[in-house]
Amino acid sequence: MMLVLFAILLWLSGWWINTRLAEGPQANSRAVRLAVPLIFGLTVLAVWELLVRGLNVPLVILPAPSLIAVRFAQSTGLLWQDFMQTFVKGALSGYVLGCGAAFLTAILVDRSDFLRRGLLPVGNFVAALPIVGTAPILVMWFGFDWESKAAVVVVMVFFPMLVNTVAGLSETTQMQRDLMETYAASYWQGFFKLRLPAAMPFIFNGLKISTTLALIGAIVAEFFGSPTMGMGFRISTSVGQLALDMVWAEIVVAALAGTLFYGAVALLERVATFWHPSQRG
Amino acid sequence: MKSFLAVLTVVAAIMAVWYVACVPMNIHGVLVEAERGGADVVPATARERRDIGAVALVTRNGFAIPATWAQDRPRLPAPHQVAIELWDTTLNKKITSKRSLVYHGWVTLSATMLGFVIGTVLGILLAVGIVHSRVMDMSVMPWAIVSQTIPIIALAPMIIVVLYSVGVQGILPKAVISAYLSFFPVVVGMVKGLRSPDGMQLDLLRTYNASRTQGFWKLRLPSSIPYLFASLKIGIAASLVGAIVGELPTGAVAGLGARLLAGSYYGQTVQIWAALFAAAILAALLVGLLGLMERVVLRRMGVAS
Amino acid sequence: ADEVKLQLKWVTQAQFGGYYVALDQGFYEEEGLDVTILPGGPDIAPPQVIAGGGADVVVEWMPAALAAREKGLPLVNIAQPFKSSGMMLTCWADVGIEAPEDFPGHTLGVWFSGNEFPFLSWMNTLGIPTEGGEDGVTVLKQGFNVDPLLQRQADCISTMTYNEFGQVLDSGVTEDELITFKYEDQGVATLEDGLYVLESNLEDKAFRDRMVRFVRASMKGWKWAEENPADAAGIVLDNDATGAQTEAHQVRMMGEIAKLTAGSNGALDPADYERTVQTLLAGGSDPVITKAPEGAWTHVISDAALN
Amino acid sequence: MSEQIVIEASDLDLTFQTADGPVHALKGVNLTIDRGDFVSFIGPSGCGKTTFLRCIAALEAPTGGDLRVNGMTPDEARRARAYGYVFQAAGLYPWRTIARNIKLPLEIMGYSRADQEERVRNVLQLVDLEGFGGKYPWQLSGGMQQRASIARALAFDADILLMDEPFGALDEIVRDHLNEQLLQLWARTNKTIGFVTHSIPEAVYLSTRIVVMSPRPGRITDVIESPLPRERPLDIRDTPEFIEVAHRVREGLRAGHDDG
Amino acid sequence: MSEQIVIEASDLDLTFQTADGPVHALKGVNLTIDRGDFVSFIGPSGCGKTTFLRCIAALEAPTGGDLRVNGMTPDEARRARAYGYVFQAAGLYPWRTIARNIKLPLEIMGYSRADQEERVRNVLQLVDLEGFGGKYPWQLSGGMQQRASIARALAFDADILLMDEPFGALDEIVRDHLNEQLLQLWARTNKTIGFVTHSIPEAVYLSTRIVVMSPRPGRITDVIESPLPRERPLDIRDTPEFIEVAHRVREGLRAGHDDG
């Protein structure tokens, strides 16, 4: 009970510090922008720890963060192996393939109004196929190793990327296109000099959405068959072994990898679309 | 009209590719059956055929092509097989029957709707908090983004068990998972929407000395409605996926997710595909319905063009 | 009536026929019990459910139950309706496997999520590494169906005599195209489908009383199912909410299940228990359990129920 | 302080802190505006016209000097709802009809239902928009929208009207028309008006006083009293007096521009 | 057809088919523009000024009548890159520096690297933007952006310059300045210029001929030859001749407006 009270107290004080920081004079400094979410995260972790201990929550239901950290530290080798299998082999290759294919398709679709009208509704429909249904099928088709995971990722990222790229390519204003017309520019000149750069913010939007989809897709696909490694494999088998600390360690890896992946793409975006008002701040 | 024709063309093209794809996809299985049925298959045994390309097998065993569209448990069912299964399990069955996709669709739909409502309400509340409080914005928003990188399928069983342990069973656990997936797009869209009034519009209210509450109800909320609908459409699709995922660890009792899984246990590919399409159709219907509502509401608000 | 929640290990099928029969035939009601049967599935770990308080009693395999016990979740076997194991490895006959010694170099499909323990023990006793390579076996995490075998993605897969094996046959494969290795025959069988409760609950007299009645009614259900396999399959079918099961399959399953329940009156045979523990302890580098468990079973309930 | 003085700025400074260093938007601005004046602010882009108007409206806080509105601080004046503000874009809410757009400040200020209706009717008439109350903004032309936004600023009892390039986005013919109407309205209501514009003819045509400003730092370079009568038909713009004033303004602007 | 005639429209019609029925944007337009002319188009919103310019540029296809540019069809002229077009908004690509924006047409038209550099330097000087080549558009003021967009249209060898309200979005002072520069540029390059504007003073100040248009259907109601000399200091605008021309234009506009 003491621990529970302490947890409540901790929560309140964490919130109070953040309020002071966020509404203080330094609110816009880099340090505060970083500190506030960090303090929030740490408070959540501490409260979690205290509650789990205070309420005697069984280990097999929810392990305390400290136990997860210990498991993480002890299993870095295994976690790294799983990460390579799922993220690098499965998610990343599928991401590159899917986004690349979507980009090329978008160019095709963009050249023909007929294709755009026809393909996008169908695409929206296909994108609505739930992954838990497509994953077993793709595992059956492409085998148990990373290829089927990549296939699942391709299917997942293809349409969001396609829709965004197509939207981006038609993002130019009438005036900008007229300008190209007055220069009697060819299609590809117009494409590379106007439409592609103008589409960049949209393309990056698609790329960013796809990052989280890719990782989740690869992990979920492993639930439906895999070699004896990978993040999804570890999660599903560890649940059965009641090794919940391992499950959470993998979740931490997933969150870390997903966030870093997203951050990396966002960084690239900053570089590539430095000119866009949203990036100029 | 023009769009309709275009969609029709694309669908027809997909069908054609699909039928053609069935041949190499299913040829191995068909030949095994043919071999057992006593037909002359080249090469004669499954083991020899394993390492031979599908196309080569098709050219050597042309007679087997029609069978690739009529297998019982094909690797890739032909479109008409899926269509027939869909037709049989939706229109030819009593909707109360456990074999009716309408029944399973309904089970999933009810969890979807409940989850969607929970997720939307939560998302809106969170967005309001984020827009009105810097602390909320700075501390919660980054973690809301991180939360979306966690594979829900890993969390789902734990959510279910935790809810079990506090005595919550039935539709609610599924709805919670579905809400988890749908709240994020709503938060993002709503925050964008509530922040969409420009400086001038906010200044106008300041010159009236309007309170925060007045600003919320008279300006921020109405301006956010188009954004809200855009994210609701994403949210409901996510909700449906959540409900289906939630059905896997709840004992796969009923619902489209259970149907998918059950199809999976017994290698009933046709059944999987039918459930898959049913889910996509349901998603399309839900999104379409929201689109309709959007049109009506925006028109009544006078914002629609 | 007293409420009892039973968490199954897998989806509704004849494997759990006895419980559905007891429910359907009113055996539970006669004992003054209001039983809810919760079907399981690939994502459900029954020990986790019982730890969370979502169930009073679970159907679990003994390796997983003992592993949970070592993890600090004290499960106790109160009854063992299944006398023998239905697990086996089913291989294509044409890939050159004739005996377990031939496994190295081949790809084997194995169920995980707590069901891999018997397999790992077996490989351990054979001295075959499971990390692939020349003299090891390549292990796949097998999904829920027999596709990996049919598609020849694996040379062998795990099957249950009563379920997946039947599915393989259903797909047109004949028995002489296959070669099977039953865990029973290999001497590495472990106990399956027992009833487990939390040790702490057993201290409660009212709970014990409920379990006594539950086991009594359940065993009555099992006997009924053994005697009326077709009717029992029908009852299971009625309870399958997914509508995906076929009657023929369930009838056959009921017949196979009857072979496994035969010879058990519901009470755990300590000798079977000892053999299971020995098999599990035989695991070399990464044993399922590190020491013989204590108090993992009790006859208190079954004695009271069956006499 | 005379009863007549409505706005009084002395030594007003405003410096924005930006990423590229401080921007001196206003520097040492001194100005008094009397009741009933029509004062135009003219000057090149970035000279601080908008900033000055926003200071009066308490939408911006000066960093130095003193500013009084109706004898109060600007913020007190804002809370007392002492003025109506018209922006360059009409900024009507698309989800409200014209009438309900005009009601917006009335709702916020808590006028009674009946009073609201009454006032809406009056101001719609004042800006020549009778019969358009039930229309949505996008059903009206740009000029009509801008008139509606003026009506919105007139609906409540503020005796100061601040207008920031209200006609900047309209074409010349519509603009002429609205200028005429604005003068009539001013004559009828006797409000004090602060008016920002880029157009010399517009400034000369409308104002009793023209404040010429110059940028970097934003300051007042000239204040020109108009000798024109209060009654001004449109073709006053072809009279020598008008052209003379316009010339003076242009000169003032050029002087400010060259040393800026 | 004389060597001198650059643009010749006879009986030009253009009807847009819209959802609300046909819109007669241009009806029976007759006009010849000679080499070296500076022709302004003025008229109320929607009278077809933009549409006429777009027809010349082959961005719009007339539905009737005949239109010749340099003796060719507009589309041939477009392919021959006979003109530069300046839009109301500068429309610079934000991802390119000013210099690279100016290079854009040169790249497309396949000028050599060295030539590109040379031309960019020249036109930057012409529009008074030396030293700003490395900046991005958003780092420049609106007036500078518009100058850059004019430079872009001047960079290649087109002897026709079409400008659609190029200074519409700028303030009067900047506009005066750019008007002056445009006149100098015109004098130096001897281009033929078609110029759309809403401002009477601007039209009068710049043009050798002023085309007054009127809407519904869009047509030419008056063509006023300017008696002003080619050499025009800014304060020519205070001369009686200037005011006289301006008056005629305003009358012409009002006439077209009233019966429109």
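First chain written, first letter: the chains are A, B, C, D and E, and each begins at residue 1.
Heads up, the rule we're going with is that contacts are C-beta pairs under 8 Å (C-beta built on N, C-alpha and C of every residue); 3 or more make two chains touch, one makes a residue touch a chain.
These figures come from a predicted structure and were not determined experimentally.
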Check: Common contacts of subunit D and subunit E?
Finding: none
Note to self: Comparing the two chain pairs, does A-B have more C-beta contacts than B-C, or is it the other way round?
What the structure shows: A-B
Checklist line | Cα-centroid distance, subunit C relative to subunit E, in whole angstrom | finding: 85
Check: Could you state the distance in Å from the CA-based centre of subunit A to that of subunit B?
Finding: 18
Margin query: Averaging over Cα atoms per chain, report the distance between subunit B and subunit D in Å.
Written below: 54
Notebook entry, point to check: Just curious, how far off is subunit D from subunit A if you go by their C-alpha centres, in Å?
Noted result: 50
Notebook entry, point to check: Going by the touch rule set out above, which residues of subunit B reach two or more other chains?
Noted result: 75, 153, 157, 161-162, 165, 248, 261, 264
Check: Touching two or more other chains, which residues of subunit D qualify?
Finding: none
Next item on the list: Would you pick out the residues of subunit C that each touch at least 2 other chains?
Entry: 42-43, 45, 48, 51-52, 143-144, 147, 151
Notebook entry, point to check: Name the touching chain pairs, would you?
Noted result: A-B, A-C, A-E, B-C, B-D, D-E
Check: Quick one: in the complex, what on subunit A touches subunit C?
Finding: 58-61, 136, 139-140, 143-144, 222-228, 233, 236-237, 239-243
Checklist line | In the complex, subunit A residues that touch subunit B | finding: 15, 18-19, 22-23, 27, 32-33, 36-37, 39-41, 44, 61-62, 114-119, 121-122, 124-126, 128-134, 136-137, 140-141, 212, 215-216, 219-220, 223-224, 232, 235-236, 239, 244, 247, 250-251, 254-255, 257-259, 262
Margin query: Using the touch definition from the top, list the residues of subunit B that touch subunit D in their complex.
Written below: 200-201, 203-210, 214, 218-219, 222, 225, 301-303, 305
Margin query: Please output the residues of subunit C touching subunit B within their complex, sorted ascending.
Written below: 8, 11-12, 38-45, 48-49, 51-55, 92, 94-95, 143-147, 150-152, 167, 171-172, 174, 240-246, 249
Item checked: Parts of subunit E lying in touch with subunit A, wherever the complex brings them together -> 54, 57-59, 78-79, 81, 83-85, 87, 89, 91, 93-95, 104-105, 107-109, 136, 138
